[in-house]
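The block underneath contains the structure these notes are about, expressed in structure tokens.
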Amino acid sequence: MNGSKTLLTSYVSQPGEIKTSSGKTLRTDEMIINMGPQHPSTHGVLRLEIVVDGEIIVDVIPHIGYLHRCFEKHAEHMTNYQQVIPYADRMDYVAAMNMEQGYAVAMERMLKIEVPERVEYIRVIMAELQRIASHLVAVGTFGIDAGAFTPFLYAFHDRERILDLFEMTCGARLLYNYIWVGGLSHDLPPQFIDKAKEFCKYYRPRIKEFNDLLTYNEIFVKRTANVGVLPKDVAINYACSGPMLRASGVNWDLRRDDPYSVYDRFEWEPQVGKGEMGTVGDTWDRHIVRMREIEQSVNIIEQALAGIPEGNVQAAIPKRIRPERGEIYARTEAPRGEIGYYIVSDGSTTPFRVKARSPAFVNLSVLPEISRGAMLADLVLIAAGVDIVLGEVDR
Amino acid sequence: MEALENLGVWGSILIAVVWSALPIVFILLYALVTLYAEMKIAAHIQDRLAYMRTGWHGTLQPFADILKLLQKEDTISSAADRKLFRLAPYVVFMGTYGAFSAIPFSSIYIGSNIDLGVFFIVAVSSLVVVGILMGGWASNNKWSIFGAMRSAAQMVSYEIPTALAILIAVMITGSLNLQDVTKFQEGGIHNWVVFGGPLPLTQKLLLIPFTLVTFIILFIASLAEVNRTPFDLPEAESELVQGFNTEYSGMRFAMFYLAEYANMFLVSAVTVALFLGGWTSPFGSFLSGPVWGLFWFIGKCLLLVFLQIWIRWTLPRLRVDQLMYTSWKVLTPFLFVCIFGVGLILVL
Amino acid sequence: MDLYIIVFYLFALITLASAAIVVISKNIVYSAFALLFTFFGVAGLYVLLMADFIAVTQLLIYVGGILVLLLFGVMLTTKVIRVDMRTATVRTFPAVVIVAALAGTLIGIFWSTDWPQSPASDGFERTIPQIGEMLLTSYLLPFEIASVVLLVALIGAAMIARRERKAL
Amino acid sequence: MGLLDKQFQNGNVLVTSLDTLLNWARLSSLWQMQWGLACCAIEMMATSASNFDIMRFGVIPRATPRQVDVLFVAGTVTLKMASRIKRLYDQMAEPRYVLSMGSCANCGGPYWEHGYHVLKGVDRVIPVDVYVPGCPPRPEALLEGIIKLQEKVRKESLVKKSA
Amino acid sequence: MLHEIIQWLRTPGLHHFLIISGILFSVGVFAILTRRNAIMVLMGIELVLNAANINFLAFSRYTSGTLDGQVVAIFVIILAAAEAAIALAIVLNIYQNFSTVNIDEIDRLKD
Amino acid sequence: MAAVRAYFNNIWIALTTVAVGMKITFKHLFVPAVTLQYPDVKLKLPERARNRLYVNIDDCIGCDQCSMVCPVDCIIIETIKSTPDQDLGTTSTGHKKRLHVPVFDIDIAKCCYCGLCVYPCPTECIVMTDVYEFSEFDRNRLIYSFSIMTPQDIELAKEKLKKAEEEAAAKKAAATAAAAKAVQPSGAQALKPASPEPGTPEQPGNS
Amino acid sequence: MLTEFGKILIFLIIGALFVVAGLFAAWLLRPRRPYPGKLAPYECGEEPIGDAWVRFNVRFYVVALIFLIFDVEVVFLFPWALVYRELGLFGFLEMAVFLAILLVGLAYVWVKGDLDWDKPRPQIPRIERPPEPNPEKVLKETPVS
Amino acid sequence: MTAEQVFTSLKAKFGDAVLEAKLDALQPWILVVPERMKEVALFLRDDPAMQFDYLMCLSGMDYNDGKLGVVYHLFSTVHRHKIVLKVQCAKETPHVQSVSAVWGTANWHEREAYDLLGIIFDEHPDLRRILLPDDWGGYPLRKDYRVPEFYNGVKVPY
């Protein structure tokens, strides 16, 4: 408890000129509202400094870093490359599998390892399951932000089933440390394939139900359509990725366009926003893209489950990881978009520098652009539509 | 009773006091039940259980909640305006409770049988608006003020559709006194105003579409009056934290909470008394009588409250501009059409 | 009659005390909220004058309408710095004199005139239908004019408020 | 000062039973601050979702600190966040409890060594009642933490003078 | 004398209402005269109107015994509403232009 | 006209979609709850569940592998070499134990349950269990010491080692002194090993 | 005898007394340990920037204004609703005229957009690009692969 | 376009501003002088043959030899080619030209590099700390960074 006194600063607001933290002076009819870090709809610890004129947003200044956990510093301090994985897990804790996969892919490219086919299949299954789970969190919390609590719980119930599959496989529910450089920590448990197939069968009708309950509800549509429109060229300029980019009408998916793993063997299609309810690139598009991606993921999982080959999942795991001097930037498609790892090796067993290019960080940076002129209530939905996970925004 | 009557003025006052304290008891009981029921219904809609560990199936939970709130420290933020901050719960609760005086719970119980009935209810409810504005402003918290202003603007805009819908019922029944209105509908479900009231058949048939629409509109407007989903913007958690009561804690907050739930009942009660036959039995004289009347009345109200809860856990919420759109551009014009329609039908 | 007296003085007290707060309070928000009690007290007096419909109308329009409007007005015009909420009082002394004189005259006249002490009628049975009828018959013209007045008020106020918004 | 607040030296039967009643009320109605910090928050959400349904324990999420009884510190507390956490805790109305969920909140967890920006245990800024270990703790573990907290509350005394 | 006063106090009649309305009226006028805030002036006007209404009703009850006073009172209330709406709109308009609702300052700013 | 059409269409769509939603929720009202009533009903965790660590200290050879690989460094192991005359026994996997382990602390409060420490252990004595209920009121109770050596044991072992070292040094000195002379070490005396008393291994934390 | 309005007064008083009772009971039980930190206004964990008592959107006023006018109209409608049947078609028509005049007002504010709340005015972001480079020039400058 | 072609055309256009290139690396890169980074970036973005419109990643680096650096991973969604650009600057005067006007995404990335490594991006519109609090001292990702003992009265190390 020592030092708690110094934490308190003055609680009295000074009269006079009020400035935003980026140094802009307010006009008289503007007012600053602080949303977060503790606010029901900032999904953790984002803080939005909002300048409003009435209810219309003049400017949004996101403040991040409340969850800056020094991933990059940790990566540099690990004694071997493998140990980075638990920390990579904790970056995007909603989609830990994808984070691990990205790291593993980067390291494998650096080490020039070929991983067995079974490993790739299992990774695809896991990554897609994780994608569903992650999107479920996204659309569920989206529902809460729109004021509908029930869809969230339905989504979480389905997610729970996926987590059961994960726990069966690797023993953890959220942070798996499952995908290793060159392989996996465990092989699939024997009942897994049946259970996963069962899940797919169970899950398809639930997607429709969810859509009926939330996605196509007129109130919801009216709330989200034409809100937070992000045009194509801005999306690219801001390097948005994932559903955010696709919703803006860019047909772009790293699984197809910068191929890794075995995605080319399955039949599926990247989903793009079409502006059915409003403009291309609005918040509703982002939502529907996620919903449709979930369906696609179920397709991929079913195909992968059918075609999974036999093999050893640990065959390619190097005993000791010591890459040559060099560097690599490898990117994969996480649920939120392009997760890229820039890894620099100095030839020793510990990484010299690991930089994670996290999708939500980049996607979030466009938030001020798309929320100007919207209303306070819209901002909540726009932010939810960006689908941030603070762990990877702040790293 | 008679002995008391003999005591003169003071006796009658005593009777009146007891008489008017009854709804408090009722509100408390009802709030406990509804608090519990709301969570339970929500839970079952969401495939879960809610309250299971306090008493049998968590039935004691509301008691625990209230007892807990009693022990909660009462914080008044240093930036707040202390006087108004303290005053606000009184105004809100008085507004709510005053309205209860004109609710006919049964053929023998009505707090105050004034002629003005619903008109009085509409009027006295506006105290709630002022109370909320007071609380929100006194909190001196951005979320509170936002919530309060929104709340006031919303309640105020939806008061027009509410009043107009009530007016249509009054046009049919020809009385403002809810007791009279209820008596007017006696004789079974077909005599309820929502089904045209006890009028000659042709008139009745012509009226039914109008009354149905009016009933639905009144229900929607009453949702908005009590800030329930999809009109819960003032308390929209995902936007405004807790709305106007963000800074309130402990018992003061509990009073707002109680008033909110009491208001839920109130709007249902008005709707029931005007459109659903009040305390009359749906089966004519079968199962009627003062006690049954109480049962029917509360039963019907709780049904509407259930409907409110059900809607709450289904729908997302509107945005402010859509809220105003609904009130002014959908509900009000429809009601004007209904007024002309009903007026013509009844006059001709 | 006892009760009537008590209630009468109660409402008189509420009315006058809160009216005093309205004019004395330095904080305009207090004034506005005190107005609530004034209106409420006046409504009580109306009831004592057997004007139930007017009393409820008073609640509905003054408390529910005008007061909310005033409050919005106050909240729309207070500035960021709290000092601004205080409203300056000027020329207090001459005003006191004038008002004292005015009040003295008024009360004197009221006092000295020999008004009837008891009600002219024993209250009214069901005022509302009667009022309704009067509105539609003997007061038809003012009634219809009232609608025009309201229309003008609506359009005018909306127009002024809108111009204000344009200036923004 | 509340009339009964810490006013009694020793409990007689009445005081004791009042105590029991009040403790029971507090422990069965622990309203929770709707706030998550990191990965643990996801598990916290999972705990409040249908499968584990934290509401069975009477735990309801509220958005404002004024109306909550227990703060679940679910996740990593960074130094930037520490002052905010402290402030929010301060703003909670008493009686209030803190449950630290997960390794990070307990002591910095996996970030204790190199996390230059991680607070090594939330107990450095606010007092903690129960520590729930895990990374993240399973939802059941959080529930067990709540049961532990309830045990603690049950042993408290509101009306007796604290020693 | 004292007895008379007490007697007078005990029998509320037209006098009493008139006196109350008189005081209310004066208070309203006081507000109009002294306050510089336009909204305060508005409040004063409302007080005055209320005082007038009390008079109408009191006379209606004590002298005429008909409902005419009440009907007039309704019209007064309605006019008050219309007046408040317009006046506040103007006040807001002024505020927007001059950033103040102080009447004197506005006077000054106008030139 | 189109605007009017859109106006009514809007109202219609709103009403129907609301009705659809309400139908769904109403259906769910009668779907049995999926809730697991935790303290009364407990889920059977899968075999691979990764929760609290457990160290079977009897099998630990003190090789420090687990501590090395732990990314958060929450395992603290200290070892004392045994003297050649001690027999610490073998582990159940058949490894010979050569080191005393006076300190084997896992700060379970820091652990991130990644399971990395489990893989390299040669004797498979460090395992993740399915125990997840071990909340504490006091954080220090989350530091689990698995070592079962009492302070006396440690003292003893240290002294022994010191003596042995001294002896060895002396011997070495002697050996260097008599460089040419080959010294045959006497056979290891089977002294009573300073192995722990049999008993329940201390289970820290709550019971 | 107590009039019906007297009963309402009692209702109001009891309503207030109930709040008093509740707060009194709480006063008996609750702790009171204020300190500056606890009493700081809540703003999502941040220090408040600027006062909350700032001026608000004029929209609120316009809504209240329209409400007030219609509220007044309702006051006329209620007495009318009670008696218009006795007055027959005449009474109905009178009110129809009254309503019609006000509906003109409604139509007016509708058309003029006063019924709309502040609509979001989304500003779609754009990217500043330099004028398209002259393709010929570019081609000359960049060696074509 | 291969990296080599990019390099030659850059060299042709900017001459001395383009220092060197390593074209045989896993991912070939080109080293540019920090003072002219923006020009190069604009060219790379707008040239019809390049159209590197997508800045995948911008990373700050501490090379631990007295030099800081910034690495730009570029990609073209039109031509689907990639290139890596690097700039280096001395630790004492870590100035690099900002490219946030070229790629919107660079804004936050640069703030992050400033925050964690202390690289100052000239002409950046709003160069503030982004992850760490404003009153933080030092740049943690530098190799010689020492963790402070106390921050605002709270002990930092375990």
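To keep things simple, chains are lettered A, B, C, D, E, F, G and H as they appear, and every chain counts its residues starting from 1.
As a working rule, a contact is a pair of C-beta atoms (placed from the backbone, for glycine too) under 8 Å apart; a residue touches a chain by one contact, two chains touch by 3 or more.
Fair warning: this is a prediction, and the values are worked out from it, not measured in the lab.
K.L.:
Which number of steps is the smallest that gets you from subunit B over to subunit G via touching chains?
P.N.:
Contact-graph shortest path, subunit B to subunit G, evaluates to 1.
K.L.:
If you take the chains that touch subunit F and keep only those that also touch subunit G, what is left?
P.N.:
Touching subunit F and subunit G alike, sorted by label: A, B, D.
K.L.:
Any idea whether C-E or D-F has more C-beta pairs in contact?
P.N.:
Higher contact count goes to C-E.
K.L.:
Computing the C-alpha centre of each chain, which chain sits at the greatest distance from subunit D?
P.N.:
E
K.L.:
Indicate the whole-number Å distance between the mean C-alpha point of subunit D and the mean C-alpha point of subunit E.
P.N.:
The computed centroid separation for subunit D versus subunit E comes out at 55 Å.
K.L.:
Could you please state the distance in Å, as a whole number, between where the Cα atoms of subunit B are centred and where those of subunit F are centred?
P.N.:
59
K.L.:
Round to the nearest whole Å and give the separation of the Cα centres of subunit B and subunit C.
P.N.:
A distance of 28 Å separates the two centres.
K.L.:
Pull out every residue in subunit H that's touching 2 or more other chains.
P.N.:
Residue numbers touching two or more other chains: 104, 131-133, 140, 152, 154-155.
K.L.:
Could you say which residues in subunit D touch two or more other chains, in rising order?
P.N.:
22, 34, 49-51, 53, 56, 63-66, 80, 82-84, 86-88, 90-91, 93-95, 107-108, 110-113, 116-117, 123-125, 135, 138, 158
K.L.:
Using the touch definition from the top, which residues of subunit G touch two or more other chains?
P.N.:
Within subunit G, residues 2, 5-6, 27, 29-33, 36-38, 40-48, 50-51, 53-61, 64-69, 71-72, 74-76, 78, 81-82, 84, 91, 95, 99, 117-118, 120, 127 contact more than one other chain.
K.L.:
Name, in rising order, each residue of subunit A that touches subunit F in their complex.
P.N.:
For subunit A paired with subunit F, touching residues are 78-80, 82-87, 89-90, 150, 157, 167-172, 175, 177, 185-186, 189, 209, 212-214, 216-219.
K.L.:
Flag every residue of subunit G that touches subunit D in the complex, lowest number first.
P.N.:
Touching subunit D from subunit G are residues 27-33, 35, 37-38, 40, 42, 45-47.
K.L.:
Any idea which subunit D residues touch subunit G in the complex?
P.N.:
It is residues 1-6, 22, 64-66, 84-88, 90-95, 158 of subunit D that touch subunit G.
K.L.:
In their complex, what parts of subunit F are in touch with subunit D?
P.N.:
Spelled out, the residues of subunit F in touch with subunit D are 33-39, 42-43, 51-52, 71-74, 107-113, 132-139, 142.
K.L.:
Once bound in the complex, which stretches of subunit G touch subunit B?
P.N.:
So the residues of subunit G touching subunit B come out as 1-2, 4-8, 10-12, 14-16, 18-19, 22-23, 25-27, 29-34, 36, 38-44, 48, 51-53, 56, 59-60, 63-64, 66-67, 70-71, 74, 77-78, 81-82, 84-85, 88-89, 91-92, 95-96, 99, 103, 106, 110, 115-120.
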